[in-house]
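Order of writing sets the labels: A, B and C. Residues in every chain begin at 1.
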Amino acid sequence: MNQLISFIKKEFYHIFRDVRTMLILFGIPVTQLLIFGTVIKNEIYDIRIAIYDQAKDETTRRITNKLLSSGYFILEENLNGISDIEDIFRKGKIREVVVFENGFGEKLVKEGKAHLQLIADASDPNTARLAVGYTKGIINDFIRKENPEMKIPHEIKTEVRMFYNEDLKSAYLFVPGTMALILMLISAMMTSISITREKELGTMEVLLVSPLRPTQIIVGKVAPYLLLSIINALVIILIGRFVFGVPITGSFALLMAETVLFILMALCLGILISTVAKNQMVAMFISMIALMLPTILLSGFIFPVENMPKILQWLSHIMPARWFIEIIRGIMLKGVGLAFVWKQTLILIGMTVLFIAVSVRKFKIRLE
Amino acid sequence: MKTLLYILQKEFRQILRNRTILPMIVVVPLIQLLVLVYAATFELKKIEMTVVDRDLSPASRGMVTLFNGIPFFRVDGNVAHEKAGEELLLKGQTDVVLVIPAGFEKSLMREDQAQVQLLIDAIDGNTAQLIYTYCNSILFNYNKQIIANWKGLPDFNPPTEVVVTENYWFNPELDYKWFMAPGILSILVTIIGMFLSGMNLVREKEYGTIEQLNVTPVKKYQFILGKLIPFWLIALFDLALGLGIARILFDLPLTGSLPLLFGFAGVYLISALGLGLFISTITDTQQQVMFVTFFFMMLFILMGGIFTPVESMPQWAQLINHLNPISYFMRIMRMIILKGSGFSDLLEEFISLVILGVLFLSLAIWRYRKTA
Amino acid sequence: MENRQPVIKAENMVKKFGAFVANDHLNFEVYQGEIFGFLGANGAGKTTAIRILCGLSTPTSGNITVGGFDIYRETELIKKNIGYMSQKFSLYEDLTVSENIRLYGGIYGIPWRRRKEKEKELLRKLELEEARNKLIAGLPLGWKQKLAFSVAILHDPAIVFLDEPTGGVDPITRRKFWDLIYEAADRGITVFVTTHYMDEAEYCSRVSIMDAGRIEALDTPENLKKQYNARNMDEVFVKISRK
């Protein structure tokens, strides 16, 4: 036992003394949260547009003003014809062209109907769709305000209630996602690489011939990462709570217990990878492809899983992060208890056991 | 010059002999394109809806039928109570609950207006917004249908309206894959280039083989170029491979000039590899290289405009993006591939990339120390 | 011997790592063609000193020239004129024997034809003809060491630095290794060798004995034995470190 403790101590010094790695380990989550919180938004602003106004009347001028004062659009160019739009788009700055038809204002008054053409650069379809949507919204709003007496008969009105996230804050999505990602990164990726490193450089053999038993070696190797992961998880939860206002509606104790479970699962996964990989580069690529990408993409962290093709949805079921994210969203945002997340919890426990069993088998085979 | 050739010969032999790198060069692009491009979409494909119909009138049933008829919506059964609907939201089994209050039809007829309620799971704010918009437009259509029926009109139109025609150029179907594929390809060549070259250099440090080279008269630039050129070629090869796959799988149009595209990729890769090698000169282990590289990759990708257009970002982020090679390259890729932009359209990007390339590569050469 | 030109000259060579002084004011000269033994226990500062002389590390202070070149300003010139074999085997394990020879021959700019001859001669001398196209990773340690030494003197340097070249090698292979060293010295190559095997010290023209970062003694093995009244170098060493 004493040996184990001194070995763990050595491992701790090893990791905590490495300032660069520590900086990065805490830098990654903080930076990522900061970027998600301030840079990445679901809305668009300052989109450059061009206007081709064939009418040049009072109405088109007022609509133009409305568009430009909304904050969403910046007028880059006034066009005199429609022929050079393709060239403009090729330069890449302007994303939308608004074309008012001839006699726009007059037609609107006399015929009750005027035509407007929106041409969007759809090489970025999301931005194009949003830009067109915003433009239409602003114009409809303008028409409604111009004609207050206009009333729809038998009108069905909609009242909407946004559950769990009234203000539609994106932090509710990215804080749990970042947590899953970072815990995977530290627990699985770092562990797998650090154990593989010992194998690759031959220092593992030195350890194996020492009086320490293989399990003790592994425990010693992963203990510092367990601690690091827990600290990191706390940092993320705190930043989420106090900087981005993500609440912890449910039980904090349950949240931490589930977090530790996920960390253990990830550590076991890291150990498993290290038993398979023969050098650090392999370990890195397995971690990257099998862990990081799915954690980012197939867990619903950024892109909703329901939108994906069936096969990927099916694949997402074997991604631990998916279940973990469901659990923490449940506890933090919906305030549910174990009664609601027992299934996900069981799945994580099952995965942990599976990874341990397979690693032990692999490890034994190697030693024999 | 000759020395460089000897070093290159050595690097290529080692790479070709390495059983890890070769599969990676082929497998990584395949997986990335297959999984990432399909996975990365904000397009809503399906909305799970639960209906709480407390009115059970022809008007309310008509509304449910309309939702049911739209393939987009899966109207999953009726629950009798709002509470039951909320419970389903809590369990995450439904996306939206449509509540039609008792007396809906009566109110619509007699008071000329009535209200329905939408309860939406809004943890994913973006999706919630989209669901709301879709539901609203369907409700509006139903409203028009009702007005037309009740008033006996063939079609109902508001008295004053602006008829908007939408044209989407370069990607008329708004295929998200066409947007993602060039972006993913940019990330792919960056990952391959930066990680492989950086880890390769540090591996020599870990194994101690670098010392034997450091006591020789090898020039610093020769050593760095020896590490750069092989991975530069591999990354370009992967770009070609990835473009081929994307062409077949997603019908990705290749509108612009391929030589121009590869020319730009070549310039871009010098900056990416230069940065990777620079990182490896300031680190001692492969683990450190990986994490530092991962950090920068994450920063560059998230800020590069794949999720949010760069011009919509705060000022400081736009400033940082001037130093972000991935941001330039993703833009260039899309512009050439989808829009067929030419060199003159991309002059600004070209100059920036050249500056970044020279900067990062010089940093790597300068920071590489033959003496500890 | 003293009338010959010194090829290495170190005056007050100091190397500190933080508060730790690895080399404490070392003064020594190495003459052309001699086998200079650099002795000391593990951690005495031998490797630090050899790395400084090879240009792998910069000293904290001191005037040092190697092959007549200044160690601060003319590092790259020094590198053309020296060979180095590190404690840790550092040829490329994933290259074959002859590919390693080709690489280093190429880097030192040995003309192609000359390199071919040298490669042939070297392989014959080391009895490695059979293994020339084998990956180095598969060779036994003793062969690896001999190969590393031969590659280090492939370009006929003025001085070769050997950092514990015989570590972990059996006695017979060690003997053979020293035959190679003598051969190189006969060709006029100055040999600077660190070791902690005291029997090897007997093979050197002169030895210096380091302890805790300082040079405690420097002379021919005979003189040292006389001075310390010892039968062999082992005793000399024990006496010095007990002081």
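Just so we're on the same page, a residue touches a chain if its C-beta (ideal position, glycine included) is under 8 Å from a C-beta of that chain, and two chains touch if they have at least 3 such contacts.
Bear in mind that the values here come from a model prediction, so they are computed numbers and not experimental data.
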| item | value |
| --- | --- |
| Centroid comparison with chain B (C-alpha atoms), farthest chain | C |
| More contacts between chains, B-C or A-B | A-B |
| Intercentroid distance (Cα basis), chain C paired with chain B, Å | 56 |
| Chain A and chain B, separation of their C-alpha mean positions in angstrom | 11 |
| For chain A, residues contacting two or more additional chains | none |
| Chain C residues counted as touching two or more neighbouring chains | none |
| Chain C contact footprint on chain B (complex, rising order) | 2-3, 5-7, 9-10, 13-14, 17-18, 207-218, 370-372 |
| Contact footprint of chain B on chain C as seen in their complex | 51, 54-58, 75-76, 79-80, 82-84, 86, 88-95, 99, 102-104, 106-109 |
| Chain B partner contacts - residues on chain A that touch it in the complex | 18, 20-21, 24-25, 27-28, 31-32, 35-36, 38-48, 85-86, 89-92, 95, 108, 112-129, 132-133, 135-136, 139-140, 143, 146-147, 150, 152-166, 168-170, 172-173, 185, 189-190, 193-194, 197, 200-201, 278-282, 284-285, 288-289, 293-294, 297-298, 300, 302-304, 306-309, 312, 315, 326, 329-330, 333-334, 336, 340 |
| Chain A contact footprint on chain B (complex, rising order) | 20-21, 24, 27-28, 31-32, 35-36, 38-46, 48, 86, 89-92, 95, 108-109, 112-129, 132-133, 135-136, 139-140, 142-143, 146-147, 150-151, 158-172, 174-176, 178-179, 191, 195-196, 199, 203, 206, 282-283, 285-288, 290-292, 294-295, 298-299, 302-303, 307-309, 311-314, 317, 331, 334-335, 338-342, 345-346 |
